[in-house]
Amino acid sequence: MDIFDFSDGREGYYGEYGGVFLPEILHATIEELLECFRECKADPKFWQEYVTLLQNYSGRPTPLTHLENLSRELGGAQIYAKRDDLNHTGSHKVNNVMGQGLITQRLGKKRVIAETGAGQHGFATATMAAKFGFDCKIYMGAVDVARQRPNVFWMENLGAEVIAVEDGQKTLKDAVNECMRDWVTNMADTHYILGTACGPHPFPEMVSWFQSIIGLEAREQIIKQAGRLPDRVFACVGGGSNAMGLFQGFIDEPNIELVGCEAGGEGVGSYMHSARLAYDDASVGVAQGYKTYFLQNDEGNMNETHSVAAGLDYIGVNPIFSHLHDTGRVRFEAATDAEVKETLKLTMRTEGLIPALESTHGFVVALKEAAKMRKDEIVLVNMSGRGDKDIFTIADALDDAKWKSFISGKADQYRAEKK
Amino acid sequence: MDIFDFSDGREGYYGEYGGVFLPEILHATIEELLECFRECKADPKFWQEYVTLLQNYSGRPTPLTHLENLSRELGGAQIYAKRDDLNHTGSHKVNNVMGQGLITQRLGKKRVIAETGAGQHGFATATMAAKFGFDCKIYMGAVDVARQRPNVFWMENLGAEVIAVEDGQKTLKDAVNECMRDWVTNMADTHYILGTACGPHPFPEMVSWFQSIIGLEAREQIIKQAGRLPDRVFACVGGGSNAMGLFQGFIDEPNIELVGCEAGGEGVGSYMHSARLAYDDASVGVAQGYKTYFLQNDEGNMNETHSVAAGLDYIGVNPIFSHLHDTGRVRFEAATDAEVKETLKLTMRTEGLIPALESTHGFVVALKEAAKMRKDEIVLVNMSGRGDKDIFTIADALDDAKWKSFISGKADQYRAEKK
Amino acid sequence: MMGLQSFIAERKKDKDLLVMAHVVCGYPSFEDNLKELEIMAEAGVDIVELQFPFSEPSADGPLFVRANEQSLKSGTTVDQCFELMAEVSERFSFKVLMMGYYNTAFKMGEDVFVQRLKAAGGVGFILPDLPIEEAGDLHKLAADAGIEPVILMTPTSSDKRLAQLGAASRGMVYAVARKGVTGSKTNMGDDVIALIERCREHTDVPIGVGFGVSSKQDMDFLRGHADMAIIGTAALKIWEQSGAEGLRAFFKEMMA
Amino acid sequence: MMGLQSFIAERKKDKDLLVMAHVVCGYPSFEDNLKELEIMAEAGVDIVELQFPFSEPSADGPLFVRANEQSLKSGTTVDQCFELMAEVSERFSFKVLMMGYYNTAFKMGEDVFVQRLKAAGGVGFILPDLPIEEAGDLHKLAADAGIEPVILMTPTSSDKRLAQLGAASRGMVYAVARKGVTGSKTNMGDDVIALIERCREHTDVPIGVGFGVSSKQDMDFLRGHADMAIIGTAALKIWEQSGAEGLRAFFKEMMA
């Protein structure tokens, strides 16, 4: 099954989802991008250049780790984690960003913009821009700027300008809108580095393509290490890029179950979550350039979303997943904030791994299901990022008293210095 | 030249440096360790197991990155960085720690202790202990606990107990003393995971052996990428483990210059530094189990040391380097705090890399010398760790106003929650 | 009922430059909307676009973004927007268009959207995030109902693209004077004239020019080139700064 | 001058358990040291180890660590320590040993160390971080000067090791009653007796037992097994808690 073969349907559509819903002024820009991307995709040298860049700069291939302790402790399936947390900048985001960096170069553009929620994508983009020598502006909701200062600090030190977006809910979706506004103004010299497999065609396809390196590697690795393919594959789903990346390695195997793990926030019925497909609260709509399931009200205005993981806290989901949800090829589950905190603690203590809060959503569901599977079954979960970037959030979530008093002490020190 | 061939001299001695200066009560323990280590070193299967562990868990081999932008900008030698920052837990420390984890297992011990300064080694040890299922206690100077709270937070969450050492200068050397005290009490079930190539024999040799994986990989990689061996090789030197690791790949090539980069702190004559070999302030002494150059006074009591990089802020240096300094095989230079800050900013903006403050010392000297070399010469520098762990220190060093106001805001939030 | 294109042709008989004005439904309030619209009617505005507020107004500039947001915050519903439209198209002589984002139409169903629009007296709609490729069904439903979709032509549109857009255009074309979002000043000059001329080559329907029209000079500049000037942000800015008095004076000057 | 071993043999004629006491030079002050030593002399202590403070006292427990630190902080020098030693060995009838870390000796030069020790009236030294493998030169220099190195035997020493240690032992052996650092309580029991017996098998010099000796019971326990009880932390603790009075009472009880 080639989900990107549009010869039977409409270009850029996955079932009834996807498309290009952009202001007319961007028509030429998106056409130019599509053409450039088609060339790159058709050119094996481009992919080779991309892989080499990631190998030499970002540490690919990332390893596959057998979580022997957790597997033993849960007494069920053998659990393997794909370690995209070991990428340069700390998450899978850098794969897509480096790929789009090459695209930007090919387009002859000198400036990049990006939205960011948790800051991971912005961090990766700022890094890529430094490496490629691009001007870089990162749009980030003011709420996220306030809570994710460490990432802002690094982005700025990497030479990017970070703009706090004060509109709307002041979070990720508002940063996306602000990118669109920048792009319709500066498309001549600017490429928009969209951070996940959402947005108008060809972004879902392009981001998925770059992220497919995760699945390619993982497939080879698990055959080598475990002797065969996994039975179930899990990944967290914000926009859906890390999950698309991993799933592409296994989607043609009908016996492998693919499970997308969304942010259940405070749970079913709370309306404080970001589960578009696992819960029943989302409906099909069109926003931010594409058609998919959105968490929106009856009139098509977006609802507030919530997750302990800023990177999953988003209204929409990639259109490919909306389609694969309809066809049943991918199952969607949700992990609640509370489950995420518990699983994070477990994973740290049992395996010495600190998954990002986003990635931990995948672990929650994977561990829950692995426990009920047979010992000779195999489960693969994507560790899309590392959690040490999340220290403020995690320390808050775990309500760590020593951390709080450290921060108070630091604040006192800064106050004293000022005098 | 095999620096570890003791057949001509005394076991554990490098020239006049090294040895074992431990309380008699540890004699049997250190003999047992030596024997176990000798077995492991002689057993190719052990090395294979070690490499596989690092590959599957920590992401080795780490890449070699050609710093094209910096090379172009400086107009001199081609600069390559060995990327040990991409290791799990963020530095080369994990190599040694995983190796000693295997040793601990072979010794049949169930508990590990470690000293830590910056927290990198403690973080790595806590991680290893979680993975291997060992009890773990980390000793850390109270001053370091206060300034490196993020690492303490992670160590604790990984299940380690972190003890703030209140003796002496309350920094790294005092944590080492405290480890010795724990070890003389609990040697029956406890292995002391020393974090650098210092301490009594066989630690300098053992740590160097585990870290030699850096040099093995780098040698192969630079031949592959640059077509030949480098002209000069740089690494920062705290205890000297990352430098020993890298240098071992090149030490047998007489034409390759090896340069150890120490912490110059506030500079020559300031007595606020940790340069044992690059400056003239150190003299030979015996402490913490071994004989080497120490920053000490005329009566053999240790001086206060200083560096912006906690991981270099140490009184002694590995005895192998004291010897290679005498023989002239390794040249030692120092980088000051001020130079480190400037080079860090440059590296971030130009290459999208955030070296740890420790590693940045190597970059300072490497960049300075590369600028004066020919374009067809090759320089290799070890990026032993990543700097995002250092956000509090770096933000302080760069005097970042937005960071400070973020911290104050956080403190206010915590205060408000309390009420 | 008269369609957009014939209405414009009719009005153009007496005027060399028609005016389209813009209101964000429910911002600052529906009462204020009515006051604004009254002033526009008095001033002789020819067409009004009523923007249905949307939570993700990514093609709008800061002023409209805030207006959309505030309106939704104060509880504005689609029903209320249609009610306003019905009242307005009944009471005033200008024609009324729905302006907004596609999701508003999509969520209620394209057929329902067209029916409700027609029922409320609207003659057309402007959906800036609905490109013609995605608009096939809606345009067909609209055509059946005698409702006209306003198509946007832009400075970045190639001739090939303008030809496609021209083929799909009905009622009028909205020529976007420059890149960017609504709200900032446009330097009216040769570029704008060139754009209008290029648009003309590809369509027979009247051409309105919008994005940044904010002064008497702009109006004078457009006269003789465009069929219509589209005044958006400038009017809202005046209203916010100096209320009904200011708005009255503004339109008086603009349409003098 | 009489060597350590013959001094012990001499004293053992009248006593079944000798006592070695410990003082950290310059802590709390040299004046206090003299007061303590006077009390010890009065009580009939046989040998005193004067600890030369070191910045890295890694074999010591918390109390001595702090004592080393405070002493250095208040400016204690090696010269002062030797001066104290000279004064004390002149004034009191007990014998004096230097106790400390090897770096103190190493830094001044092993030959200088031995000469100064001898000049100050010291009869031996205890350097817990100097294993016999590293002590060859120093032991030779000491032997030449009639100074005796006190060797430590421990519960973890194998028979083979005890044989090596025994062969190197001069003057007396310091049997370490348990694992760990100075300062905590030792459970005096069969283990300690077994250790003493094992030591005896490998050396002919007298055996002192230290680490945790802190009560009259401990003394009674050691009597008949060891030649000497070594009292370290316990005395300093008493001094800190209840000064000269306390210390006097403590030694009186211990040595009753």
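Order as written gives the chain letters A, B, C and D; numbering starts at 1 within each chain.
Definition applied: contacts are C-beta pairs under 8 Å (C-beta built on N, C-alpha and C of every residue); 3 or more make two chains touch, one makes a residue touch a chain.
In this text, all values refer to a predicted model and were calculated from it rather than measured experimentally.
Student: Kindly list the shared contact partners of chain A and chain C, in label order.
Tutor: A chain counts here if it touches both chain A and chain C, and no chain qualifies.
Student: Going by the touch criterion stated earlier, list every chain that contacts chain C and also contacts chain D.
Tutor: none
Student: From the centre of chain B, which other chain's Cα mean sits the farthest off?
Tutor: Greatest centre separation from chain B goes to chain C.
Student: Cα centroid separation between chain A and chain B, in whole Å?
Tutor: Computed from C-alpha means, the inter-chain centre distance equals 33 Å.
Student: Centre to centre, by mean C-alpha position, how many angstrom separate chain A and chain D?
Tutor: From the centre of chain A to the centre of chain D is 66 Å.
Student: Let me have the rounded angstrom distance from the C-alpha centre of chain B over to the C-alpha centre of chain D, please.
Tutor: The separation of the two C-alpha centroids amounts to 38 Å.
Student: Could you say which residues in chain D touch two or more other chains, in rising order?
Tutor: Answer for chain D, listing residues that touch two or more other chains: there are none.
Student: Based on which chains are in contact, what kind of graph results: line, ring, star, complete or other?
Tutor: Graph shape here is a line: each chain touches the next, no loop.
Student: Where on chain D does chain B make contact in their complex?
Tutor: Result: residues 53-62, 65-66, 69, 72, 77-78, 101-104, 106-108, 128-131, 133-134, 151-158, 161, 165, 176, 179-181 of chain D touch chain B.
Student: Which residues of chain A touch chain C once you look at their complex with the stated criterion?
Tutor: 19-29, 167-168, 173, 176-177, 180-181, 184-188, 283, 285-289, 291, 296, 298-302
Student: Inside the complex, what are the residues of chain A that reach chain B?
Tutor: Going by the criterion above, the answer is residues 55-59, 62-66, 69, 83, 86-88, 90, 126-131, 133, 146, 149-150, 152-154, 156-159, 225, 345, 348-352, 354, 388-389, 391-392, 394-395, 398, 400, 402-404, 406-412, 414-415.
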